[in-house]
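Handing you this structure, nothing more for now.
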Amino acid sequence: GCGAKESVGDGDTVKLGLNYELSGNVSTYGTSLVNGIEFAVKEINEKGGVLGKQIELVKVDNKSSGEEAANVSSRLATRDKVVAILGPATSGNTKSALPPAEENKVPLISASATADDVTLDANGNVRQYVFKTCFSDSFQGVTMANFAAKELGLLKTAILRDNTSDYSQGLTDAYKGTYGSLGGEIVAEEAYQAKDTDFKTLLTNIKASEPDVLFVPGYYEEVGLIIKQARELGMDMPVLGADGFDSPKLLEIAGADNLNGTYYSNHYSSGDTSEDVVAFKTSFNKEFGADPDAFNALGYDMAYMVADALERAGEVDREKLKEALEATENFEGITGTLSIDDFHNPVKAVTILEVKDGVPTYLMKQQP
Amino acid sequence: MALLNVTKLTKNFGGVKAVTDVDLEVEENTITGIIGPNGAGKTTFFNLLTGIYKPSSGDIIYHINGDVTSRMLRPQKMTKYGIARTFQNIRLFKEMTVTDNVLLGYHCNLSYGVFPSVLRLPSYFREEKKAMEKAHELLKIFHLYDKRDEKAKNLSYGDQRKVEIARAMAADPKILLLDEPAAGMNPNETKELTKLIKWVQEEFQLTIILIEHDMSLVMKLCDKIFVFDYGHLIAEGDPESIQCNEQVLKAYLGGDYVAEAK
Amino acid sequence: MEQIIQQLINGVSLGSIYALIALGYTMVYGIINLINFAHGDVLMIGAYIGFALTGIFGFSFFPALITSMLACGILGMVIEKVAYKPLRGASRISNLITAIAVSLFLQYGMMYFVGPESRTYKEVLPSSQISVMGTGAVIDIKSFYIIGITVMLMIILMYITNRTKIGKSMRALSQDKDAAELMGINVNKTISYTFFIGSALAGAAGVLIGVYYSTLNPLMGATPGLKAFVSAVIGGIGIIPGAVFGGFFLGLIETLVSSIGGSLYKDAVAFLILILVLLIKPTGLMGYKEQEKV
Amino acid sequence: MKELISRNNIIKIMMVLAVYLLVYLMMNAGIIDSYIFLNIVSIGINIILAVSLNLITGFTGQLSLGHAAFMSIGAYASGILTAKLGLPFIVGILGAALAAALAGVLIGVPTLRLKGDYLAIATLGFGEIIRIIGLNWKYIGGAMGLNDIPRYTNWTWLFGIIVLTVVVISNFLSSYNGRAVISIKEDEIASTSMGVNTNYYKVLVFTIGALFAGIAGALYANYFYFIKPDSFGFMKSVDILVIVVLGGLGSIRGSILSAIALSLVSLSLQGIPELRMVIYAVILFIMMVYKPQRILEPIRKLVRKEA
Amino acid sequence: MTLLKLSNLSVHYGAIQALRNISMEINQGEVVSLIGANGSGKTTTLRTISGLVRKSSGDILYENKDISRKPASDIVKMGLSHVPEGRRIFPRMSVYENLEVGAITRKDKEGVQKDFKRSFELFPRLLERKHQMAGTLSGGEQQMLAIARGLLSRPRLLLLDEPSMGLAPLIVEEIFTILRDINETGTTILLVEQNANLALNFSDRAYILKNGIIDLQGNSKDLLHNEEVRKAYLGA
């Protein structure tokens, strides 16, 4: 429709668009995030919604494809008149999805697009309407490199990364940069593809290079198998990773014994005993019959953060929401306390966890 | 003058000797028949003549526009040399129309390039027009003009055989090789075909070599007949002498058929 | 030295899995000339069946394997009846696309019911690492199961296709359906059997893969399915020992490429080898040379 | 033989111009907003891809499962030229066409000997190889993709290239080259024996098909800003093939209609994520059973009547 | 006794009607030939009898049982064998395997062995080529294989579609002698032939098809002397 443009605030609900990978090869992540978001929105609506209105989610599938992600973004912005778009899950699809958001001036927030350049364009200028609530790859990569070299004092790393994942590539690049400057040496770098199941060949190669520590910037499904197979091959060095490790599945797949000596960076500690976290975990488990993973928690927090920003914006308006998002300061979520910086990236502390007998345990916190 | 010289031609498939030490000569402007029992190597011989198989040994030399020797034989070059053929099991382009089948035969005579066709330059229109005229002329000769827009697969067996011959003719060959042109035709249709082949040969000054099991056609048409058996050439001569040749009678014709052919 | 032996073991273990899947692939292709893209997904269903049987109903390994094979066999027959039969005689491409449709249907149908996340198998086979003659290289006992079962199935399958009437019927059918019918071969039944056997093999592979790697998810069948198909083509599609040979060959090649530092390109090399094999011997390394007679 | 300036041709040209102007005016009037236009771009790119694949698979009978790879090569070529080197779009397009056409020769020549399913698998393998090279090539971003490609694709470029594709390919097909190409599908041995250089033609159609797919890739890259190797994987190739088969092998008009039809199907399924692919699979299956050509035939007839 | 009875049989291929209300009868022990020009529906008739093509209306009774809805494979088991047009041998099986498939419905192993031996006696050429892939045989050799294969199911009714096509005269003669023997040992034969001369000389009775209709029928000897037949089919 042309002519009289109805404004997004006119309806009796607040519409949020979900642009997620619900089918296709990364549908696991999309589905997890959406579960977290829907869970949060249910809670928010039960408590009376935002600005006196209920939140309505317009959930659209992008098939894990860039072209579709752009299409969905455009549709949400122009047809469904959402006040903000949440998603997509991966950095690549987020990059495809953001031009229509910018064009139509609708805030787009991703809780999992970790690539450094999601919020910045080629010239280093911030993209006006794009936000992310997760760590940038470089941050976690640097953190873990520091941890390996300084805390553990191990200076020979082997990297096993996911060749098809931008997340994995981003973490690897950052890790290598920092680690090198700390006098560490990368003795082997191997790559697998998402959905691989057999890593023994790569691990055998790595074993031969005799590293002190194995850095696996990937997601829990493959990581679980990698750790298991590494231990089977008699490799008992520490394994490092990032928030992709955070899932109860990791324990299921790798087994508790094998996980000893695994360290990873995360937003929060799922073994955290703070009241909010415990409450979230119990109620989530009641709803879904499983403990939340990182994606669930990130989605959950993002929904709350947007609701919070809407309240602060005072009305259902894209421009005002954008300003409110920019002004986010010390938002308290399950995954930690977060502020949005000038580059629309979150400022939040990273936690390093050590898995002990299958339980991720708080080890230390690092401020950005 | 001999148009085709074959010397010591041999073709083996593993242990099977399909063609063995064949020597023969074909004169210009004649119709030559090749007969022989099933599996004697006749079709294989055609396949050798048209470059589909490479000889195991021996030579083939065509004397057309300079010599074409066995080493130069490639299936896709045969029409350029002026040699066209038909197949024992009809191989038409089934989904294409009769006209298009014949036009394809004319393929090697068209010379405008890819660009003129894409850009529709005048040469495209000129050449296509010429090709179409030629195709229609052939279709009339073979009494197929009425069926020109039918898909080839919808034609009856006999008509399909004729389309195949017309397609071969479109290449403007000097030598035409026909593999069992009358198979699947009834005696009446065979009779018509016989006349047609004769007429075409005279009209276009062709040299025709044909394989056939129907003796009525062979005996009526051929100037000379070669008889194959187990890959060997066992006899050659004009129809009369072949019909009386003991060896041929025993290996191939059998008692009744001689009587019938006469 | 340890590394070389270990890599050899890795290659053979991986290859045995490809070989196992390739057997079913080659079987179905050989008979009805259909690239059954859904084969990998039947494998996935088999893995889930095995998962449910061992995890929920407490079956032990062999009963679970057999039950899953039977169930997948029946599923295969149903797929054939519902999806492929209406397209008999249609063009190859239509069949190919239907196979892809079936594959998507199984993947996402399953995802609808169990969600996209992966599950973990209970340990149903003794998992222990045997070290190889003191070299430090280790081999998993489960690999022996897979290799043993693959070879056994291969022999059974060869016997069936070459020696039994049903096998001869299958081959005749694959070459000329009408003529086969005229010989008294019941086409529907024979194709059903073919799918039963092919899918039962997929079911076996599903359970074994599930047990070996201990994880499963609705999209797990796609990649191994494709790799197995590549193996089958390398070995000569439709040829049963060819599939097994191709599987081991591909497993070893991939391992070799990865072990000399080409892990980034391992799949590219696999496909490159496929193309090379096709170019050198278009009917596969163990295929017959086929010359069309004119 | 129709001559160039026939009544028929003039009417065709007028209609093409009318379509162009109509959309142009509607865009200016805001009736076509950015969302509709985005879909027009997607459909347009799919038309180019489908028509070019139809040349290879529908007309020549060479089953290809790697068409998206050519698109990917074009997309990256144009991405590099326009984003990294800052060259104008026309250079991007020409570069894309050239790079993809070269790849077409590269895959065409060695796979000449392969037929049917073997060719399909080889092209599938080729597609995967290209994708893997893309993933590992740091210069073009690897798995992170190539970002911030300038948006140059507009209605004029898109429409112009669709028309160019359709005209070039249908002119090619309605010449003796076209007959030769179709005869290869029908019976390669007979075709060879009639003097058709089948090898030359097979490589030629691969090259022409790849060239246009490459241009489609350039349009894609320069519209969607961002490309990554995974956007051009096996499933994309299958999507293109589905369009071709639905529209009818050997029917250019059919390819155009089915590109539109399938886009609409896909759009209508976006909102039901849980069952989307299941429904899509069922639709595919129904299309295959009930002869896609038959579904589209009435529409095609209508279009023809109007033309 | 009537072995096979077609009454008012019609067959369509899509919109094309290939057979229009044809009726035929074949008695036990007879040789009946079916002749007609190209495309007149001979092959269609045979394919309909053996179950490869479905009728649109009419009846097919074989040994007084309706077989028109039975699958082709069941019909074979009832003792009816069809040697199809165009040979249709299994190209990637050896000659021997082709014959094995021909006998696939049989359970009497010894009988099969005996019949194998007989096939090779009838067609010594096949014995020479026993292990060759059938697809590489010459046209005539394939035809022999097709006939031998068709006989291996020990049919009571044999349908032959142009058995002489592409065969050398001597072989044709031989094959017809063999067919005569087979007939004399009790097999009824329905023969489709282009070579009308041969067919009429060989058969007891004949039907002549024209555009899907039975145009003429009767005693073969009579038809052989019928003026119309001589003109249209015998090339006189």
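We call the chains A, B, C, D and E, going by the order they appear; numbering starts again at 1 in every chain.
What we mean here is this: a residue touches a chain if its C-beta (ideal position, glycine included) is under 8 Å from a C-beta of that chain, and two chains touch if they have at least 3 such contacts.
Keep in mind it's a predicted model, so treat the numbers as computed, not measured.
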{"item": "Chain of greatest Cα-centre distance to chain E", "value": "A"}
{"item": "Chain whose average C-alpha position is farthest from chain C's own", "value": "B"}
{"item": "CA centroid of chain B to CA centroid of chain C, Å", "value": "48"}
{"item": "Chain centre separation in whole Å, for chain E relative to chain D (CA means)", "value": "50"}
{"item": "Centre-to-centre distance between chain D and chain C (centres being mean Cα positions), rounded to whole Å", "value": "33"}
{"item": "Centre-of-Cα separation between chain B and chain A, whole angstrom", "value": "73"}
{"item": "Junction residues of chain A - those touching two or more other chains", "value": "23, 25, 163"}
{"item": "Multi-partner residues of chain C (each touching 2 or more other chains)", "value": "108, 264, 267, 294"}
{"item": "Multi-chain contact sites of chain E, meaning residues that touch two or more partners", "value": "136"}
{"item": "Of all residues in chain B, those that touch chain E in their complex", "value": "13, 16, 35-40, 43, 88-89, 156-159, 180, 183-191, 213, 215-216, 251-257"}
{"item": "Of chain C, residues touching chain A in the complex", "value": "2-3, 6-7, 10-11, 13-14, 17, 108, 111, 115-120, 129, 136, 138, 140, 209, 213-215, 217, 219-220, 222-224, 254-255, 258-259, 261, 263-264, 267"}
{"item": "Residues of chain A touching chain C in the complex", "value": "23, 25, 27-28, 31-32, 163, 190-193, 195-198, 200-202, 204-205, 207-208, 221, 224-225, 228, 232-234, 249, 252-253"}
{"item": "Of all residues in chain C, those that touch chain D in their complex", "value": "29, 33, 35, 83, 86-87, 90-98, 100-105, 107-109, 112, 229-230, 233, 237, 264-265, 267-268, 271-272, 274-275, 278-279, 282, 292, 294"}
{"item": "Contact set on chain D toward chain C in their complex", "value": "57, 63, 110-111, 113-118, 120-122, 124-126, 128-129, 132-133, 135-136, 189, 238, 241-242, 245, 249, 274-278, 280-282, 284-285, 288-289"}
